[in-house]
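My structure is below; once you've seen it, I'll send some questions.
Naming follows writing order (A, B, C and D), and every chain is counted from residue 1.
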Amino acid sequence: MSFNTFGRIFRFTTWGESHGPSIGVVIDGCPPGILLRAEDIQPALDARKPGTSKFVTQRKELDAVKILSGVFEDDRTDGPRTTGAPISLEIENLDQRSKDYADIRDKYRPGHADFTYDAKYGLRDYRGGGRSSARETACRVAAGVVAEKALAHVFGSAVSIKACLVQMGPHEIDRARFSWMEVEKNPFWCPDAVAAKEWETHLEAARRAGSSMGAVIEVVASGVPAGLGAPIYGKLDADIASAMMSINAAKAVEIGAGMEAAALSGEENADEIRMKDGRPHFLSNQAGGILGGISTGQDIVARFAVKPTSSILTPRKTITRSGEETDIATKGRHDPCVGIRGVPVGAAMMALVLADHALLHRGQCG
Amino acid sequence: MSFNTFGRIFRFTTWGESHGPSIGVVIDGCPPGILLRAEDIQPALDARKPGTSKFVTQRKELDAVKILSGVFEDDRTDGPRTTGAPISLEIENLDQRSKDYADIRDKYRPGHADFTYDAKYGLRDYRGGGRSSARETACRVAAGVVAEKALAHVFGSAVSIKACLVQMGPHEIDRARFSWMEVEKNPFWCPDAVAAKEWETHLEAARRAGSSMGAVIEVVASGVPAGLGAPIYGKLDADIASAMMSINAAKAVEIGAGMEAAALSGEENADEIRMKDGRPHFLSNQAGGILGGISTGQDIVARFAVKPTSSILTPRKTITRSGEETDIATKGRHDPCVGIRGVPVGAAMMALVLADHALLHRGQCG
Amino acid sequence: MSFNTFGRIFRFTTWGESHGPSIGVVIDGCPPGILLRAEDIQPALDARKPGTSKFVTQRKELDAVKILSGVFEDDRTDGPRTTGAPISLEIENLDQRSKDYADIRDKYRPGHADFTYDAKYGLRDYRGGGRSSARETACRVAAGVVAEKALAHVFGSAVSIKACLVQMGPHEIDRARFSWMEVEKNPFWCPDAVAAKEWETHLEAARRAGSSMGAVIEVVASGVPAGLGAPIYGKLDADIASAMMSINAAKAVEIGAGMEAAALSGEENADEIRMKDGRPHFLSNQAGGILGGISTGQDIVARFAVKPTSSILTPRKTITRSGEETDIATKGRHDPCVGIRGVPVGAAMMALVLADHALLHRGQCG
Amino acid sequence: MSFNTFGRIFRFTTWGESHGPSIGVVIDGCPPGILLRAEDIQPALDARKPGTSKFVTQRKELDAVKILSGVFEDDRTDGPRTTGAPISLEIENLDQRSKDYADIRDKYRPGHADFTYDAKYGLRDYRGGGRSSARETACRVAAGVVAEKALAHVFGSAVSIKACLVQMGPHEIDRARFSWMEVEKNPFWCPDAVAAKEWETHLEAARRAGSSMGAVIEVVASGVPAGLGAPIYGKLDADIASAMMSINAAKAVEIGAGMEAAALSGEENADEIRMKDGRPHFLSNQAGGILGGISTGQDIVARFAVKPTSSILTPRKTITRSGEETDIATKGRHDPCVGIRGVPVGAAMMALVLADHALLHRGQCG
């Protein structure tokens, strides 16, 4: 894991800025022999794509992915299959509308990485956030599809990874109404139909006020066998924490009971075990499917909190590059809740962590 | 970062089991020329050491650290100085009291890594938790001292890293009473004198009941210059998340506003900027000192939640290695709140992450 | 360093196959603020390009490089400068002439990676060698230009890296006639004008006979300060050995006296030291500028041997994928001495190793 | 691979100086379930040990290895078995005879790392060479035994790794007399009984003259299946080159035909293939068992050249730390040919590279 690379065996490196010609990802270490076409990846990108409702930025991104390397097809194969060589995926940036950047060129937007990039590098590509733009997450979503295929290839059956929004601003879902089937039926990936309705009102109000809301995303991986992970610094939960915290605007990561675990008693927290159908069966899942950094075979449950969009219409106090005090307000399109777009990204990161650990485990333990 | 290694340039690898002859850590990449004696490290180990109050396990660990390599002293130096070679630290395990392990040898303790280690490796060293024992964290604390010295060496002045317990079980501190000076005055590292008193009652009750409590630890690093970190997968907060989540029993990590960030509005969340003494000055610190994965120069603030000790006196449902249903209760000494011992470990991990990023930044950006 | 990545801080990852749409490289960890335009990279690619004489393959590759990310230009900069973000370079594959691959699709070419790729991956992209094609080295040459710029940036003055062919087939140059000025005057990068003439005859004969010749390439880096490298597994010479051996067809790597060092006496081998102009001055350079894995400040001298092109017109015994014995002969264009094209690749790899060590050294030692 | 770490999944980190209290190695990523006792490792250390003949340094090193972690034994196992946790091995430095280091403390020994360590780190442990001492290679030999066991574990049958000295000073063996059975019968690991006799005379003369000789070591691994390695920067031969070049005093590495490959014609070089016993069978092995960076299933053949010992009795020109010109001669015990001790080290490094690739391959390709 280096600056722009994640993973150990199943590794990927992303590149590209919001307003450059394109963005992309190179996946190295993917097992050979996996059927992989651009049209397998495209639906995930389309689901993530902004502009699908009034609640996400209206930027029109076609997000058509191209596979530039790492697959091969001839008349002996039933389609392009991975060869074990690096898989290079590229997505063009179509909607780089020419725009006046004079404001953010010189002023640091509060809550954004403008100040820190300048502090670190002495210069920055300020167009649309440059490297720090959430646009980079399209690469993760594309790579995540490859990771899901790798997991199915290694385990011989699909690992199911689902994600949803369980809180928008201060508004949590009602767990009693939780249904994965609801998730695709509303623009928020909300598993609670009633909450989804209410959120619409809240978010519309925030949008009209030029304000924004945070969110909490929950990601659940089912079908992961026991034994993935490693004891100390290669812990499965440590890698998930790193993966989720690397998502734009993330400020917290929870596994299983998460922050709430602190308030539980030992009796409430430790998941008891029984046998069921000849296999170990946990009577609860406070652990979120991970004990000692290694998967238990239960659902792996992670959540991450995303802060409210920092680009808001209200003028905010800030300084310029040369140290003058001033104000700044975001103009034009903005996402009132960037957390919505974080849902498929969270699912992708889970797939990417699991694929790496699946290969690592197979490597060390056979 | 591999299974038992953390860091990129400033890297450390820990080894050892709870009941082996010793445990240790090898630190590679430490800058040369730093004064380092065993007596610099020992106080941190003594502070972490169990047996200092009735609220932590009564195991008697002397925890005397030996420096086996990586320092050199002659009549031209004022003491042993790091040479740039790997620093090997070893701590003997003195109190390996012979004990009947028949119970945990065959039964999986709920909440522990017993089941997952067997699932992964097919065997495990069950004595005292083996590799998954919190004993390993002594190595982190020792390495953390070296990291703090490296930070002072690189920055020319000390980075101050402090940690405390801000919640025990469901009981939070009152932020209005927060004082770092209180932290060393009670056995809980609690910054709120009133809460510390109350916690004593709560924890004593839990201990007598054979139960246990979780905790939330807060770690604050002051004096870190702006510019440490990296944009995408080398984010400073992603590394802190990985570091904190790798600590035994951790189930959640927060940066700055953390989970609460989700409930804030954009106006509340984004920290405004002004100038002060000729330098950028943030008017709040919801960001916890990190924007876009890079330090802002403000205090870096992280928290992690630790679940309640899984070893409790109440019998719990479980299974044996061979799949028979049974019950298990912990006998003998136990920590009613392992979170207490997590305080110095959290501080050490913060130092270790920052040292690595300080060297990485100096490497890439000069 | 993983499968397709090289380096630690200054890291690059290449991707692409000979007959895919394009090939490319992603460079991560490059210092910010370096002026970088496609036209800075292009000349190095043009120099490496096949088709420049009858002695290298007539494949017409335009090899126009595009910079897709990692640089930024506005009216405050004097051109595009690196931002510290990943630099993505892409080179289109123009000359993918449609061709009958039936022969190499089913038969393993002796001396090529056909058999081993099938053994490892179970399938392979056989068009033009796929991933194992020397085409990949264009990416190294492009990345090498960035590395040279990074070296100049870090050291404040240019490190000069030169390479030449010192042996073709069994024919060595005469060291007494060695002149770097000759290197660009002949199609072989030969520093000996007389030898260059003779080689022309030898190579033409080999070409006409459908045979091929090996070569030895020498790479010299001047202006590298003392202190780059690391003691044990991060040795500068170990990294150079890895870098050079990773070049297609390389079978041996030498540092300084190389294999000949075995035949020297201790008195002949160890380079004596005197002072000159107030600085340490070595009286010879058997060490090739590296002692104990760390640079001495002298010229760094490395050589690598490249085997003769395996694609020859003479029919050779081989087997098919299904295990039938058969013969194979290469048809069409071929390089009678692939070593010639290895010259700029060797220089590029030297630059890439040095850039990584320059940043590592700055990181650890300041 | 960092400064003092080698490998990706099967990783090891060495630590320690020649005259510190001990040296050691931590192996991470070893598969679980492998029987491992100190007495399995000891014979390899004894074979490497100096003092076994008058031709190697008379330093008395007991080299008793201790296993401090990573194995577990109970009444259900037939001995201590690896657990998947880090294996920490320690070897005490017994013979740290107190000695006058005044000379090498201030003077740089030509051919040694004295100057470069000071240039890099600003200080060095000069006692016995400190970190740059060949003493570190004892750790490699110990780790190599674990690697050999891991290979047998993964492949289900032993990979046989043998090494010998094929050249001492300018004196090569006669390949016609090559016999592995001779190797253990003489103090040089020489596979040619006649040459061994002659070398005795040559080396005795060098020793008496206070001079020294270089050597070439050949390492052969048999029984390695086809498919280990990776195409570009994870090439098996690139890793072997790095591994061998990291051995003290190594100046060149060859695979298969090595430097000689440059002088061969394409017809001579490319190994033809036939079927034998239903399996691919190469008619020669110029490739040294590796094509395109991936093993062919043939013997893997590597050689490395070691320079003559730099510590000789003849006074040599050098400078002091403060830049004064002076002379230095080594006093006391010295190895007239350090290459002899390099033989078991070369074998160990081969085992370590192969173990890493075996696990990597199993991880990526199943």
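The rule we apply is simple: a contact is a pair of C-beta atoms (placed from the backbone, for glycine too) under 8 Å apart; a residue touches a chain by one contact, two chains touch by 3 or more.
Note that the structure is a prediction, hence the values are computed from the model and not measured.
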Chain pair, C-D or B-C, that carries the greater number of C-beta contacts: C-D
Matching chain pair for B-D (criterion: over half of the contact pairs shared, by residue number), options A-B, A-C or A-D: A-C
Furthest chain, CA centroid comparison against chain D: A
For chain B paired with chain C, centre-to-centre distance based on mean C-alpha positions, whole Å: 45
Computed distance of Cα centres, chain D from chain C, in Å: 27
Shared interface positions of chain B, touching two or more other chains: 2-5, 8-9, 14, 29, 32, 84-85, 120-122, 131, 231, 364-365
Chain B - residues contacting chain D, complex: 2-5, 8-9, 11, 13-17, 20-24, 26, 28-29, 32-33, 66, 68-70, 72, 74, 77, 81, 83-88, 105, 120-125, 130-131
Partner chain C, residues of chain D touching it in the complex: 1-6, 8, 14, 108-113, 115-117, 119-122, 131-132, 136, 167-170, 206, 211-216, 226-235, 237-246, 250-275, 278, 280, 283, 286-288, 290-297, 305-312, 314, 316-319, 323-325, 339, 361, 364-365
Chain D-facing residues of chain A, complex: 8-9, 29-32, 84-85, 154, 231, 359-360, 362-366
